[in-house]
Amino acid sequence: MTNAILLISCPDRKGITHAVTAFVFSHNGNIIHADQHIDEQSNTFLMRIEWSLQGFNIDRHAIAAIFEPIAKQFNMTWQVHFSDTKPRLAIFVSKHLHCLYDLLYRYKQGELQCDIPLIISNHPDAKDLARNLNIEYHEFIIMKENKIEQEHKQLALLHKHHIDLIVLARYHQILSPQFVDAYTNRIINIHHSFLPAFAGKSPYAQAFQKGVKLIGATSHYVTEVLDDGPIIEQDTVRISHRDTVEDLIHKGSDLEKVVLSRALQWQLNHQILCYGTKTVVFN
Amino acid sequence: MTNAILLISCPDRKGITHAVTAFVFSHNGNIIHADQHIDEQSNTFLMRIEWSLQGFNIDRHAIAAIFEPIAKQFNMTWQVHFSDTKPRLAIFVSKHLHCLYDLLYRYKQGELQCDIPLIISNHPDAKDLARNLNIEYHEFIIMKENKIEQEHKQLALLHKHHIDLIVLARYHQILSPQFVDAYTNRIINIHHSFLPAFAGKSPYAQAFQKGVKLIGATSHYVTEVLDDGPIIEQDTVRISHRDTVEDLIHKGSDLEKVVLSRALQWQLNHQILCYGTKTVVFN
Amino acid sequence: MTNAILLISCPDRKGITHAVTAFVFSHNGNIIHADQHIDEQSNTFLMRIEWSLQGFNIDRHAIAAIFEPIAKQFNMTWQVHFSDTKPRLAIFVSKHLHCLYDLLYRYKQGELQCDIPLIISNHPDAKDLARNLNIEYHEFIIMKENKIEQEHKQLALLHKHHIDLIVLARYHQILSPQFVDAYTNRIINIHHSFLPAFAGKSPYAQAFQKGVKLIGATSHYVTEVLDDGPIIEQDTVRISHRDTVEDLIHKGSDLEKVVLSRALQWQLNHQILCYGTKTVVFN
Amino acid sequence: MTNAILLISCPDRKGITHAVTAFVFSHNGNIIHADQHIDEQSNTFLMRIEWSLQGFNIDRHAIAAIFEPIAKQFNMTWQVHFSDTKPRLAIFVSKHLHCLYDLLYRYKQGELQCDIPLIISNHPDAKDLARNLNIEYHEFIIMKENKIEQEHKQLALLHKHHIDLIVLARYHQILSPQFVDAYTNRIINIHHSFLPAFAGKSPYAQAFQKGVKLIGATSHYVTEVLDDGPIIEQDTVRISHRDTVEDLIHKGSDLEKVVLSRALQWQLNHQILCYGTKTVVFN
């Protein structure tokens, strides 16, 4: 059973919800989920609506064209997705492999509605893991002098594999603005702190030094500014004075896995909408 | 600025969302919130929709009559509320006053959209507090022999004060089925455990004896079965072997206050719908 | 039943625990709690030991003198406290009274082992509350020009009332270094964010703007740098895109009350030791 | 650097802490951690003390004999452990492999101070995983008629492999009292609910049916009564009406992994002491 999912954002005014639900109903669709939010600061209307294609009397390929006039009328930014398509995902990773392992386990268990044909790293550590799972693995050693060149090669690989979405699963390299632009709001990072606290390097060491009583993890879209894009999910866990930096790393890694996998799951279910520097997660 | 709020539940079928949003839109209403849920087990459609009365071209007193045909068509159970009406609330309490104090502080701060004209107790402990705040206070000593008689007097008082909603803020008396029937889904209790664990008497002592590592609190609608009605909200807090029963009582009382006040807030905002033995909280 | 409590910090070396427990045992004391921590970075030994005075063969007034040689031997910084003494507490507050109400309710219920003879504010809002509870209330209007002068008057009041400990229960004034020096590690503040994120003004508005998915509260000792002293306790609560700044303020205020009251409780039980810019909480 | 760890429980009386610390100090040991707890209900003294063997003037093999007279004097139940020994662990699993995967990943990363030579199952699902990691795998199909016989074979295997500790990582078979007796307080189970709520079969379905707002996981020692032994660790996570039973299973499995791995970590670090039906976790 396939569902269609519409994600909409536009200036708020009367009649949007009605127009969208009328579109679905008039073509014999059965709404499964409908959720909306109005951001009052920017007067933005945001909506996610999901309906069953069973009995829906527009062919899935024609939905966009038939919806387009409604979208124009309300000046909508919008996307339509289908629950049976599988986005193609590339994972970038460096030397800490816990998030990669976790994602791949979920992938193999069938929990993630996506294909993962490609892993890219600046280190060789994940090579064997990738080979065991028959996932292509490419190592790019990155230095100041070759960074742009290496990114070009990475982008070529991403295009070759028709990659829709990138997950930085503890990839410790800053991406260039050009790279980020090529995948706007389609690169998800996990940062090992409760942002905006402890951005940048060694957040666990920073947290230890500061003496905080909880540590956190943050999953966010990548923008040109380091550790600063729209936040998708965060969580925290209690620590105590007995915990060494090493303990924080262990406790934090459990948090990172859960926070990143939640964010990815929502992305794959088309539950996230960005507006300004923030996200709505319809869950 | 007043909003209207419709709470709807009915058997699920195509066209409900469309019919409701069409009703609002065709009368020039601007939807502020719209949220829905389908319970697949029972094939129940549940919806909360809130729209501004500004510019809405039906008088608020006529809304129910004009909506009625739509409701009939879909066999809806439904209520319409207005954001500027204040339900009248009675609080029942025994000897532990922390939840009562907390609610009254929020009430005095203007956080609760309600009137609280009446406090009922089986003890004198809250008498002075009630008097200070000019709230009528009635003490009913309850014994096996006089319980039904005392409840009749309580019900008479509730009717006299036009009470819409009852909060049991640690009221340690079991209400009779007749009493509960008079306020179906309008009596909110706070139980000091993570239900269904530790129902009944002395849940903190039970938790201590069991050696759990977290304690909880549960706010629920009262039904004829003790500590068993539809759960509105729950939360937990970590404890350790160092905590005595007395410590659990202190830690738990902070939890009870927060859990009960969330549940009450949602009730006053008409965010809760019961279905079967469960609740949907649209938040 | 009175207990004695020793709080110790000193350079780590062999034999400290043994020397301290030998002191207690050789004078016929029964140890109730003993907890220690070694900070490896600074090679600091930190200890809290609590024993019953029942049967202890040193008079409580002589304990310090008799312990002094041991303290000297290990170059200890140390304090001795007794569980039946009540520190004298002054509360500073501005216009947001929720923490003040919460502390005073706990005080009146006998949960706080202290006396609260004095409330100081830069606003009149808490005046009636203080009067109802027979607590002296002083309003000091603070402006740039008169700040130092007003602080002198405040200090005079604190001395007159023999104040041991100050709680800033949402006091929106920056204290001068001189003031802070007079009460080193004896001024506890509640800041309405998860520090170090969102220090300074309007943290809830900052959090809303940033789009974080959790908000926090932090209780810490006050130092000369704003919102930067040793952290005693923190906690977080989940928010969503539906929450307005106003909602954050309400959700956050419940968090602030709990976090501040935990920190104060630990302070009153002599469970906190500062080392460098951090705290150990023996709980 | 190897540490010795003493775990002690005995009737409380004066002088225990002193006697133990004097033992360590008089043999030139440097205490790293010392923690104690008194259970007032049963008048039980519980202690964990850890000291460095560097410079300690008793050979590690002689420690027990030399400590024995002190233990006798205070009627202690006690164990001595060394931080460089690796307990031998067997994992039992059925068809849900997430906890098994998680433990084995931690094991391979060097996070767990143990050896894992053996996996036992009543299903073939984990066979390949075990083979990949060179861990012996045995499948025992269990039916009513052959249960005792199969358990005998399992016990023989456990003895052959010198197994010290058993983890039931979602092993869906009830162990016989004889089996449990052979490993008293050395079998750790993960149950996928917040015990004592939802013991027994299908706890997620039970939780869904009940409409709780949080789900939990519990790690505990196995006793003869199902899902009832001393609790080591618990945690909870928020759910909503939108979550299906399937969603609870996914959210819960993340919780199970974390809760079980914490419990195992504490066990391997000798941080847990049982007393009566409860545990002390010195962390």
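Lettered A, B, C and D in written order, each chain numbered from 1.
Everything that follows uses one rule, which is that a residue touches a chain if its C-beta (ideal position, glycine included) is under 8 Å from a C-beta of that chain, and two chains touch if they have at least 3 such contacts.
This one's a predicted model, so the numbers in the text were calculated from it and none came from an experiment.
The two sequence copies chain A and chain B touch through a face in which the numbers common to both exceed half of the numbers used overall.
Comparing the centres of all chains, each the average of its CA atoms, the largest separation from chain C belongs to A.
Averaged C-alpha coordinates put the centre of chain A at 37 Å from the centre of chain B.
Rounded to a whole number, the gap between the C-alpha centres of chain B and chain D is 42 angstrom. Across the assembly, chain C contributes residues 240, 242 that each touch 2 or more other chains.
If each chain is drawn as a node and touching chains are joined, the picture has every node linked to every other. The residues of chain A lying in touch with chain B in their complex are 13-15, 17-18, 21-22, 24-26, 28-36, 38, 238. Chain A contributes residues 98, 101, 105, 109, 111, 132, 240, 242, 250, 254, 257-258, 261, 283 to its touches with chain D in the complex.
Only residues 37, 39-40, 194-198, 209-214, 216, 230-236, 240-242, 244, 277-281 of chain B touch chain D when the two sit together in their complex.
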